[in-house]
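Consider the two complexes below, in which subunit A is the common component and subunit B and subunit C are the respective partners.
Moving on to the complex of A and B:
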């Protein structure tokens, strides 16, 4: 605090309690706090939580419905309230390919202030110069000058849950080749993308100056992520936080991803538990044939269209008891650190790899939910 | 007479000049005109630009002789070198003496400047001339322009040029106008080519640059220079200034450490100028600061930087939008006031409508001026930005979220301190902090940053207690019961502050309540419920804590401190609420062996009495039973406490009402004469007073203790006390005042209950 001293503790004047007046009203801030209260009070053991898609079954595109395995709801891309929702067909498959089979580091991101989709050119110019300046520490660089890197902003059409979700966008750092004759497009040095899939709870609490893209995924050198993140934080007054996935959420992912109906399985279902012991922690890997896992899930699963906490617990308990029968080890006493299935694989450090394009939106929806929870 | 005020806020050098402009312009007027008159009288060459102002004043020139000698010397230099070097030396001495003593007038400087740059004398003389060119008041802009034209004539050596630029930079604040000089910007800029001049020209440009001077071709030129000469502090300074004005044109990343771009020590004239300033203006001379104030080079490590962002106005978004701006936008943005220039409260008031907000809202925590702004702003997005930033930062930095991250403990504690200062300044709690508490309290060990964390609790904005209890207070009580007595005391302290904050807010709010529609607490009754629930909660904590800690005096103090707030709610805060302490607190306190505790209890009982009486009176006046009339249960409870207290301390009938103990039990305990042993005279808590009284009365006595019972009775004490009462001074007394401590316990009780009559139940409230 600078020159002004804090006032004495005296009853306030009318004017100075205005902030509170303002807060007390039904402002988005108030709503936000209410939701934090609710969430916090439910946090320790949500007795029964719908999977993110379950609650919006009526207005999600059919590929999402497929993901929650409810064939009866297939075939309608028109939501109940009549709004058109995006379909997988609208999505540029090339763009999609960029998102798959890569390991992404997850971050949660608070709403971007005064972000505009029409200013991508300007942003890419500024960000290019910013990166160049950061790299040549101490040297000034001209904006718009020619550097050996290039930053490209582009939208990712269709990566969203509902019409209300803002458009996702992609940022890439490309290296420019020194020889002018070679490919125009250089090598991709770093990729990051911002998205929001079924982020309704967050969208409700912010005003129109903000763009809510709570989930940020980055692939590439950490230093680049840091520079770009810093630029976004400075420019749009937002805040990046690494998004770790707790064991609890990993088991949810395991259950939900096992539940996905696949035409053919690309990978085995694998779990990794970590036993904390010195000097090196002991990892226990547990691989199951995906069809066996699916069969187990189908036995556990009772409520159509949604997954409950009981089902998740039961599913994991079955795995535990099976393991215990063979190895006499109580896995429940250890920590689940990684889950990989044919749909996607996730690590507790906040790393994810999405394998199946069909369930991309579904995976993102759950991650968005986690990110929104973290920023609330 | 105005000096340049349109400079960047970064140039601290100019702030002095600006202040001067506003405060002392009139005195300058007279001084200058006085000088001109003198000049005319002396028939020297006068630049009569506006010399018709002929008020004669002799504020300068102590004796005419020196003045004459100076004129002769100046004329000598103007004419050019004459071979007799003895004269030259003499004249030079004269000029130097006057200059160092009083400074030179604008015209004198004008002449000397031309002389030095025209190359009439050798460079040794030129150097000496430059060194003594110290202005008495101001330097005329024309002289500088003329000097620049001399530079073009190419008659002076390189070293003289360097000296000229250094002089110009040093004297920049004393030049009366800068418009003409600014027109020469291109000329100065071209001089950057000269390697020897470059640092000084950079500095000059740094002082001179306005936004319109920043052009792409200049940026390019500077970058070329940078490429040629490498990373030079002076170039960096200029570039970052350019970036400050036009951020879209240039990107520069500055090194971590705060950097001084221009060396102060190179200023040859510094001491003379400081002396001059203090002499002329009576201004407290402050050392010149030639540093970039807020383009501070903070490169943060990703998410673990200095926690609170630096104050920067939004450059990027504004600039990028410029292209699409319509006329009104243009006007509004043109009039916007950059934060970097915001230095005082009046400035804030004048520019509050057009303030450029910081690019990262978190920066307001470090600026009390902006906190004022935050306090009255209605803009939802401002508060949301702060909310998001603060809640994320708190969680990110919170040390007990991470394992083995206790190195950052100090940093986190400092951060919390900053937040608390801001909350205290605003007298408001932040919602983000409340949300943070919900999430982090269950994980807290009760040790990390204890004082800060508990203070955060005390700033929780007023809300429904029953709603907050499961999220917050249930976790807190778990910690409370399992921690040391010191932790218990600090929790009680923080709850006292919380109660006080809530009460203050409600007492302010109670008057506007009727007009407002709030979803939280629609009625005053609801609010009162919430407060009384808080008090009951603390009562419950205290009751249990008293048992756990077996009546420790230290703990009782903190409990009673809390009730000192509680007992006065009706009168002090004008809120319809009286909540008594639970029996689990009252009786242990009544039977406490510490006199100060008993004293505090008497005070609190007295205040309860006053509050209840006031409430009763109000009810009586208004006749109508209001919504908030207290139930008779409260009165009965109070009466019961009072009866027990009187029975114990005064009428020697303890353990009969309220505090009932079966006589058989007492008999079994083989306490003889238990009835009297707790009255004022025999109460063990007051033994120390008795002893000290005895020591005072009989200093020579070797063994005072056995007779202490008798000593308490002398009439002298009563008389003394009665006179205190009659003089009316008892009202001013509070527990802890010297009178109470040095006198007898009898006084103590009577002070708390003036007009107290044993046996007469008149003071009981019904």
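Moving on to the complex of A and C:
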């Protein structure tokens, strides 16, 4: 039987090797894409991720992050060991205050072409003019100063994972005060920031002219986000896409954030599931005391310093079986829509709120990974 | 509890029976309807089940092909399929079992990683098919494909057997374990 089948199999193998030869000598991005496609067909090792350790000295984020690559994004068994410390003198706790306790909408962003950190003043002027022009379109004549808004670009120091990561920067739309005597800054109408935390896999593939900041977070009116997005897309030849978080990734986030050691818990750990049924979907909300969740995680967690797929599945299965015992509802048949812990809270539509500055970099690292995966 | 065996009953004349196992009742029903609409020279019988083992009291014909339907949106369906797999005789896995994963199109709704089902199919040495059963055109195409698979497994296609088909399918989709 086998010898009969062999001649039929070899033509197929020849075709695939011819395709391989075609790809060798293509651009680095194509080569990487081809290798990713080849490797996704193999049986992968289960993904593992290291828990961010949090700050140990002087409230400065200090992480040792090492992960065995996720099978969908990279090949199997690629482990990276990095001791990445953000420079202590550059960390500005005031800046971090801007990032916390706000609901951010997530987008993934392709690399920016010919973006320069020194031209911020020029970008501010251009963007202000662009926004004013867009807002005037279709409106009746405005009385008063055209430019009653001001756009400010500023660098966010310390929001990066490795030294290779480009600096994060913040864009804010401020309303300019009409009275010249008032020198204080106007109200912030819209905030958006771009960052890249441990984006090594993307940084390797792009050439020098590109700046890789795959994660974009926006807070404010949707119209402003659209206008800013259009300007960036026109100026830097990039592309924004809304980043949705799947239930699979939400359960990973739940496990990783429950694993984080916290001195005191600010919020209960809460999950929200959506049950599809007609005419309106049902929502099931499950709130746990954060210390109980941590105790459950500590029982499940076996490998020190790493989080494996089996542990995440076991953690969620414990919650599901507990719920089933009391309510006879299979939560595993529903869709996890929202996870809320003391570290951060995330919604499947791509909304995130970070509550704890200690684990900011850890949360951003995972989101960067999701964004990079979506770009690829 | 009874274990399902492939050859414990006599075959019916020109009859091919398929068993669809899965927790998503609506999707299975729609797939069954699509299969019955497909043209086929043999007489088709489609049985649906939520899980194995099947009740012994029912008088059912010989089952030629079992398709386990896993919905990537629901971990419950995967767990139910994994529990059902224990109630099958090992002889079934010589080409008479296939896995069908649905729901891969809507990535934001997925709670099972695609590679989990790939690993499951690889462990049981059975082919894995991907199809979004909610979309009618894909469902119709998959129904056609399943009808052809069923005819081969029932022995209605001369020159090709279930085992033959299994090695052909495996060779083109996945590399053999020795290559890894």
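Note that the second predicted complex is superposed on the first by the 287 of 376 C-alpha atoms of A that agree within 3 Å, B and C clash if a C-alpha of one lies under 4 Å from a C-alpha of the other, contacts with A are read in each partner's own complex, and residues count from 1 in each chain.
Following the convention adopted for this analysis, a contact is a pair of C-beta atoms (placed from the backbone, for glycine too) under 8 Å apart; a residue touches a chain by one contact, two chains touch by 3 or more.
Predicted model, so just to flag it, every value in this text is computed and none were measured.
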{"item": "Greater subunit A contact set [subunit C / subunit B]", "value": "B"}
{"item": "Which of subunit B and subunit C A:226 touches, first, second, both or neither", "value": "first"}
{"item": "First, second, both or neither for A:332, with subunit B first and subunit C second", "value": "second"}
{"item": "Touched partner set for A:130, first subunit B, second subunit C, both or neither", "value": "first"}
{"item": "Partner chain in contact with A:247 - subunit B first, subunit C second, else both or neither", "value": "second"}
{"item": "First, second, both or neither for A:175, with subunit B first and subunit C second", "value": "neither"}
{"item": "Touching partner for A:154 - first (subunit B), second (subunit C), both, neither", "value": "neither"}
{"item": "First, second, both or neither for A:268, with subunit B first and subunit C second", "value": "neither"}
{"item": "Contacts on subunit A seen with subunit B and repeated with subunit C across the two complexes", "value": "1-2, 9, 12, 40-41"}
{"item": "Subunit A - residues contacting subunit B, complex", "value": "1-4, 6-7, 9, 11-12, 14-30, 32-33, 36-37, 40-41, 110-111, 113-114, 119, 122-123, 125-126, 129-130, 132-134, 136-143, 145, 206-207, 209-210, 222, 225-226, 229-230, 233-242, 374-376"}
{"item": "Parts of subunit A lying in touch with subunit C, wherever the complex brings them together", "value": "1-2, 5, 8-9, 12, 40-44, 71-72, 244-248, 251, 309, 316, 320, 330, 332-336, 348"}
{"item": "Of all residues in subunit B, those that touch subunit A in their complex", "value": "219-220, 222-223, 226, 231, 235-236, 239-240, 243, 248-255, 299-303, 309, 312, 314, 316-317, 320-321, 345, 359-361, 366-369, 371, 374-376, 378, 380-381, 383-385, 387-389, 391-393, 395-396, 418, 421-422, 424-428, 431, 434-435, 438-439, 461-462, 467-468, 470-471, 500, 504-505, 507-509, 512, 516-520"}
{"item": "Subunit C residues within the subunit A interface of the complex", "value": "23, 73-77, 79, 107-115, 118-119, 122, 163-164, 167-168, 171-172, 174-175, 177, 180"}
